[in-house]
Structure formats: C-alpha cells, structure tokens
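Below are structures written as structure tokens.
Below are two complexes that have chain A in common, paired first with chain B and then with chain C.
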Partner chain A sequence: MKRWVTAALLAMPGTAHAEVLLSRNEIQQTLSFGPWPPSFQADPSNRVSNNPRAIALGAALFSDPILSVDGAFACASCHDPEQAFTTSEPRAVGRVLLDRNTPTLKNLAGLRWYGWAGKSDSLWAASLHPIIEKREMAHSKESLKDAIVASPYINDFEAIFGDTQNQGADLVLVNIAKTLSSYLETLTTERSQFDDFRDALERGDMAAASNYPDAAQRGLQLFLGRGNCSLCHNGLRFSNNEFHDAGVPYFLSETEVDEGRFGGLNFLLSSAYTLDGDWSDDPAKQGAWAVRSIRRSHSDFGTFRTPSLRDVAETAPYMHDGSLNDLEAVVRHYNEIDVERLHADGEAILSELNLSEQEVSDLVAFLETLSSSP
Partner chain B sequence: MIRWFFWFLIFSGTAMACESNGQRMVEETQNAPEVHLVVDEILLAQPFSVLVSICNEITVGDIRVDAIMPAHQHGLNYVPEVTALGDGVFRVDQILFHMPGLWQLQIDVEFRGESLSYTSEIELK
Partner chain C sequence: MLKILLPIAAIVLSNGAEADERPIFDAHIHYSHDAVKLVPPEQVAKILRDAGVRKALVSSSDDNGTQLLAAAAPDIVVPALRPYRRRGEINTWMHDDTVIDYLEENLAKNEYEAIGEFHAYGDDIKTSVIQRMIELAKERNLILHHHGDREAVDLIFETWPEARVLWAHSGFDDPANVVEALDAYPRLWADLAYRSDMVSRGVLDPDWKTAFEAHPDRFMVGTDTFAPERWYYVGPHADFSRGWLNLLPDQIADNIAFANAERLLASE
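And now, the complex of A and B:
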C-alpha cells in the first residue's frame, strides 16, 4: 500500500507525522463521493420546482398545523428543523405510533425513490401521502382545500396556481404537495470534514488532505474495503437509493410485520401520484422508466431503502425502526450480524466483519466526519 | 445520440459485418453466431444503454437481456428495455447496476428454435 507522507511536516522536527493512508485505488474510490454539494436541477415533474414564491409558501406550510385535519401537528412536528429534520424517537409518533423511524429531509432533491419503502418516486408525491394518511395528518382532499381557502395562505396559493374555484380538491392537494416539495428541495447538508479531505485528494494537495484524522482515514479504508459498506452506501449521498435487507427484524409486534419494499411497491404501483401518472407536469415523463420497469421479487419483503450518510451523526436513532441508538451500535450490528435473519434467497453481501475494538472506533470516527457540524 | 446514429449506419443492411465492432460476447456452443456488445458509459446506480449486434444472416426478432452479480447472488432491480433497430441490431436501455463490483451481462438469443446464452463480464468501480 502506497502512502503519501506530507513532506512539509516531515521536515519539521518534533511534529507528529500526518499522512494520507489511502492507496491509489482507495483515493479513486473516495473521489466518487463528491464533489459536494451537487448542482441543483429543477424537478421537471413539478412546475413550481425552484420557484421562489412556491418555496416560501412551502416553508410556511411545512411549519403550520393547517396541514393536519384538526390542527394537531405540522410536518415540522416530526421533521424538526432543530433536529436535522427528524426527531429522537425510535419510531415516529403521528396520531398513533407509526411503523418506522422518521427520516431526515435533507438532500432529497432528484432521488429515484422516497421513504424507507420507496412508495413514492417523486418528492411531491412523498410530500402528499402524509397529508392524507389517516394515521398522520388525516386530511381528506376536500377538508384540505377548505382549510387552504380559509387560511391566510390563500392569496399566495392563488398567485402561484390560480383561482381555487377552478381547482378540484385533487388538484389543490397535488399543488400543496408541490409547494412543500419545492421547499424541501432546498434542504441540503453543508460541506463536511470529509468533503475537504476528498477535494484535497482531487487537487493532489496531500498536505491539506493529511489534516484529515488518521482514525477517520482508517475508518474510510474499512468502509471501502472489509466493511463492504460502500457496496450500498455509494455516490454523492453515500446511498445507492435502492433496497436491501440489513438484518434488522421487521416485526412491528407479535402479530404484525413491516413488509418494507414489498409493501412500498404495492402502494406505488396502485398510486395515481407517480411520474408515469397524470399529475406529473413533465410531458416527457422523465424518470418514469423506473416505475414502469421495476422487477418485483419476493425478496423485496423486509428490505428498506439505503439511507444517506451525510450528516448521519445528527440523525440518531438509526435503521428503519430506529432500533439502534448511536453509530457505534450500527457498526456493531453489522460487525456481529446474525445472518440467520437475512433472506435465504436474498443478496449474499452481509456477514460478520470481525472488526477489532479499534476498527469499530475508526469506522465511527469516519462516519462522524460526514457531518457538517464539527 | 451521435454515437448511436453512427452505429446504426454501420449496421444498417450489413449485419454480417459486425465482427470488429465492440466486445465479442462469450458463448460456449461451437460455431455459435457471434454477438457483439457496445457499452456506453456506465455510472453506478444510474441507467445506461448498450448496443447488441447479432452477426448472423438469420433474422432475430427479439433478445432477452439480464445481468447478475455472481458474488452477491442478485440481479437487476429493473427490467431492461429492448428495442430492435433492424438488421440484427438491438438497443438495450435502462440497465442499472446498483452496486460496484463484477457484473455478468447475459443475453439470450434464439437461432432456429435454439436458445443460446451469451455473457460479458463488466467490472464497475
């Protein structure tokens, strides 16, 4: 393994040696996680994507309980902006205890699938479903339209979408979801210590790169290599945005199971709100190929979407059911994974890693550098 | 698009002249007609396209395309879309490799009622 030792530091007697520990191949792999942030591309299926007026209205609606039928809570009640747009409960609490952990809402623009089970293929559809889900905001389309018409937001809403008298309740629902989506598209994580390291490697600036802690570099090597993490956690967001069995139990209770992607696909394929449907504003139906060409499998059962790892240290607890309290617990879960919990006919990827205590610590150190907060 | 057009011109009416174009796919059967593959740029977890050329005078109406990761025992999450361009040339869209590593692209072709399975290995970093 070739290492790049910082010449400047070597020349300074008494200074601890700072090194880039990665091999050439590991550096090439590391470059694939950036640059960050990516350039913004408007959503062609949402005609108010990147529209400043819609973004402002979406931001206001996001924090207003008007979007729940009885004014009980707002989107921000579960997706708390002060807590990285999630909350600390293992499983979300709507009107009842819900099935899954509340995912963060950052870095959602341009994904292929949304939600733990991928039941939506656009951010506006993902914003729409909680509004009319009985266990969450519980509006009907009609009650939502009545609430908007009677609200202080009506002028802004009609300035964007026209007279509500000419809009059916279905259209008002979709338009509200598209304003929320236009706001959510603006939520991104800041640059992280890892991004500075990655960009320094790209510039060939080994002196700057060597400021990245050795523990994080060793953790990155495990992430890319023996840990097998980057098989699923890859790309700019550290997620392939596909669905995998992570060996986490999918029993909600003694009698209920979370079907994961299997149920998500049932929902998606019966939904009117997909990129292939009439509510998309894109005549070219870009992105609709995915919903048209999904290959279903019984091994979809109990699989969940790979979460992004950007700002991961800010979004505890972890996994689809929030069952792991901190990053160390996540690493130990994969380190000691019970392969008996995995689908017998599913992917053959996960196995016990047999990491040492030092290696567990290094992997956590790496994950912590993916956050924008110091 | 220019590249596809270029290939289309090459293959138009000259299905037997494809020996030197693209990568020859592997088929174990002796004297099996050659099948060649031209792969466009592959980005991890993004859909990509390939051109498949059947080097045979027999008309082939359709082909079946799939891929697996042998080491991981899984295949594609999406069904590729096959479009016949004529003269034994097919464009295959919406192939998506969602993991880095070694993939095996598989193409089944029917010749005179016999199904032949061709493979090509593609390493995705």
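And now, the complex of A and C:
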C-alpha cells in the first residue's frame, strides 16, 4: 500500500484531503531521525560535564567579554543566543574577517568532530581554541589566568577546580574551556513539527501524522529519495558529522583557499587537546579511537563537515562560507550543482537533481518543519 | 670565533636541506577553463616552482590553459592535449565526432607529448572517436594518458600494441591488479594521482611497497588539479609525496618522484 489514508478522513468524505503520503519504506527511513530529544550522556573527558555549578559558570563566561584579551567581545558576540547562537553575517567577524560562517551551538553534545573542518574531537577543545586564537579572543594562557583570577568569577572557579595558585595557566585554560563545554552541552533545539510527525508514525497514529503538511511530506520524500540528501544528512541531528565536497567554491581571496578538513586534520593531529591527550579526564580514553584511526586522503582538501539541519531555518546564511542566503538558495545549489567542480571518482552521489519549481518549494517546506514549533 | 662559526654552519645546513629536497615530476595536472579565470598563469607557475615541481604533464579543458601555462613556465610544462573543451564532457566526449576536429586543429598548431587525460571504460575504446584519437596519437607517437578500467587498457593495447600508456590513478585498482597489468604490458606506466592508500600515518602499505619493488621503473606521482582551488594543493601534495617516498629506498623514490616520468618522455 503506497499511501496511508487516515481512518478519520475515510469516515468523513468531503473534508479537506489530508493523508500520509509516505510508503512503508519511507516511513521506516523517517523513524531513523528520532526520537527527539536524545537522552543526555555526560562527557567522560570533561569531569565537570553536567555539573550544575560549572554549567552556570560556563553560561556566565559565555556572555562575558573577559574571555577576549582586551574585553572586545564575548563568545556570545558571534554566537548570539538571540539568533540561534549564530549571526547573520556570511563569514564571522572576529578581530578580522574570519574564514567561515559562524555555526550554531545547539545539539553539540556527543559529536565526534567539531567545527567546519573538524579540528577538535571534543566540545571542550572546540571551546578552547577560539579563546587563544589570535584572530578571535586572542588571550594567551597567562593573560587568561590573570583575567580569571582578577574577575568576580574567581570564587566560583575555585569552588569547582580548586585554588588557582595550584593550577598552571595551561590547566586554567582547559578548565575554562570545560566550563564552557558543560554549558554548551545544555543547548538543544526544541521539538519540531517534524518530530511530532515522526513520533505519530512510530505510534501508528496516522490521524495525527496526517496533520503534517502535504508539501513537507513531498519534500521529505525528495529528501529521502531523488535528492539523496539523507545520505549525508542522517540520524537524529540530520548529519553524518563527516566531511564532504558539496561543490561550494572555497577561495578565501585571489591567492588563498580554505583548506577545509585537510587543514583541520593538520591542526587536530598536532593538538595537545584531543581525547587521546593528557587533558582528557577520561582514564579509559573513550572516543580517542577516532583521532587515532584517522587516515589522510587527498579528498580532505576543501571538504567541510555536514551541518545539522535541526532548526536550520533559524541559522541563515548557509554553507561553510555563508554564501547562500536562504534555504531556497541551498536547494537550488544542489539542484543545479556544478558537477565539473567534483572529481570524477569523488562525491559521486552529487548530480543535478532537475527538480521542478514545485519540488524546490516542497523541499524547502520540509526543511522549515525541522525548526522548533512556533 | 665560535659565535661566528655557528651561524655559518646553520646557513650551510639550511641550504643543504633545500638542495636535498627531492624534485617532483607532477604527472597529472590540469589547468582548465575555470582555473584560468581564477588563478593566473604566473601564479600557477609560482605555485609549481615553490612546490619544487620541476616538470608537470599538463592537460586542460580546453587546451587554452595548457598553452597559457606553457608560455608562463616553458621549462616546467610538458603539454598534453585533452579531448575536452570543458571538463563536463568526460562522460560524453567519445560519442561526439567534433572532438576529432578539435584534436586535429590543436595537433596541427601546437606541440604535445601526450593525448589525455581522457576518460574511457571498457568498450568506449571501440568508438570511432577514440579509435581515431588513438590513430592520431600513433601518427605522432604521443603518449596516451588514460583514465579508466583494465578492460579499456587491454583494448588500447589491442588497438595499438606499441602504445605508451600512462594509466591515470593506476586505474584506482588494487596494487596487486596494477602489478598484474604492468606485468602484462611493458609499455604501461601508472600515475598515483588522487590516491593516498600508499601510506597511512607514516607507514607504507605493504602491498604497494611490493608493487613499487616489482616495478620500480613504472610509477609516478601527480596532484590532479581538478578544480581551481586544487592548485593550492600542489605544494601540500608534493610534500606528501616526498614524505611517503622517503620510506622507500632512494633509487625507487627518485624513480617515482621524477625519473620514471622523464624516462617515459624520453622513450620511443
């Protein structure tokens, strides 16, 4: 049976046509995107993960310019909580124009890689790097420690981590990053219209499922089928969290390119702040297998991490460089993708989709339902 | 006195390290229409020189890129004629008779060492366009730079047994199969472009090591600049190549880095 017509509608001929358009196979695929939200699991590499005091301190530090060397800006300046923890600029502006679009900070707990290029394998490492990056917060380890010691946060910090006199500047930096991480772990997107649809399908409640708009259902069918979107945008977060060439140019200037995952791996493999390193609090080094197992590939160059699609309608502009202004532009990018940019033996799943205008609109309608219910 | 000697020693060591850097013959380079617009020929020449690439087999879609680059770096560029006017023709070109006109026009006005890189699988080789292309190569004794499968390699040699064929990406085949092909055809060479399975985290793959030892005179490296931005990977790729070649005996490493390609060009 291709379509699941609701019993309620069958009993009421003449009412507005509403039904579940998905095949059994499409319903099975749809179930794989939930349930949402997932259960929380503390990060074993961060001893203050899920610690209420650390979460509160992390939240306060996140919005305080004390984390930049000259008090010029806070984490929240670029990751604006009022704008889904991003901003509307195509490329982030730190002390200078940075290389990439600011990613949202929701749903980050438990990922394997962080950042567009995956230069971190933990949320605390991803929180640490911007603090000491010269083009961003620009602290040295020492200036950060001095700033914390002289700040109103010192009592909370020492209550969590002990006397700062017994902590080197390195350790203070890592501890600050771990408080930020414990806060960021709490940021999740709310349930969406899609989640209600998905859960109704799981319950077999076709009457409830049929409330999901037809356009969004048709868009979902494209997402699962002809669009091939779900090959990379899969799982609870609609992301495989791996790295791909999506056919987006990656020049930064006339003489410079964004190396993407290639640069991210160079950074990661020389970093002291990995799950395999001494700063992890996990004696079992869970998760360190990933950084230990990396194999370099020429295809790393110019590839970027698949972003999550939850709350995607709230996080424009899109792609690693923010070069696409809205969801329709993203769909049209894939619809008309320049396959000449892709290696003949590379991302073979990408090809021109030849979607009609109606289908473009349907796919956008589906993506919009991945945002939290209004 | 010691204070003076130390800096001099440091300079000598520094210069020595540069002089010792293994030169590279990059056997798989494209400078196609979109790259020409975004990376000027002078910039491309600088990228090649900075990377220590002393020769590069360059083919472009269309050929204008190769000619521009040959003018900017005549000491480096070894020109090859690609049967495409745009990269997007890789799946259709063998069914397009106008490709022959394009090849003949360019062969009449420019000098080339090879035809390719061209994409062809299996029976594609039997199409009239590819058969004529092979004929044109035979008339001028040009190398064929072929991207495709073993069946296509077999058919190329069936068409022209004396051909010199450079198998792009070593056919993306397993090292044992590549060795078998090289055993079968003494006039087959193999580039390693867009492959990184030769090495993992500083350890040479044992199957590839066996292949390099079995045929130390047939492999060569290449970057494959298939998109404009990939020009900025020529330097990192040369460094990558030097890194894994250092794991081989010097003679084999030199062969793969540059000598095999140079000998292929010098062969008849």
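Simple rule for what comes next: the second predicted complex is superposed on the first by the 368 of 374 C-alpha atoms of A that agree within 3 Å, B and C clash if a C-alpha of one lies under 4 Å from a C-alpha of the other, contacts with A are read in each partner's own complex, and residues count from 1 in each chain.
Basically, a residue touches a chain if its C-beta (ideal position, glycine included) is under 8 Å from a C-beta of that chain, and two chains touch if they have at least 3 such contacts.
Keep in mind that this is a model prediction, so the values were computed, not measured.
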Overlay on chain A: chain C relative to chain B, clash or fit: fit
Which superposed partner A:Glu190 touches (first chain B, second chain C, both, neither): neither
Which of chain B and chain C A:Gln29 touches, first, second, both or neither: first
Vertex chain A; arms to chain B and chain C (CA centroids, nearest 10 degrees): 60
Touching partner for A:Asn240 - first (chain B), second (chain C), both, neither: first
Partner chain in contact with A:Ala290 - chain B first, chain C second, else both or neither: first
Touching partner for A:His343 - first (chain B), second (chain C), both, neither: second
Partner chain in contact with A:Leu231 - chain B first, chain C second, else both or neither: first
Contacts of A:Phe301 with chain B and chain C, given as first, second, both or neither: second
Shortest CA-CA distance in Å separating chain B from chain C in the superposed model: 8
Residues of chain A at both interfaces, chain B in one complex, chain C in the other: 294-295
Residue ranges of chain B in contact with chain A within the complex: 44-45, 47, 71-81, 93-94, 98-101, 125
Residues of chain A defined as touching chain B within the complex: 28-29, 32, 230-232, 234-235, 240-243, 289-290, 293-295, 346-349
Of all residues in chain C, those that touch chain A in their complex: 34, 38, 43, 86-88, 90, 119, 147, 169, 172, 194-196, 200-201, 224, 226-230, 232-233, 236-237, 240
Interface residues, chain A side, partner chain C - complex: 249-251, 254-257, 259, 262, 294-299, 301-302, 339-345
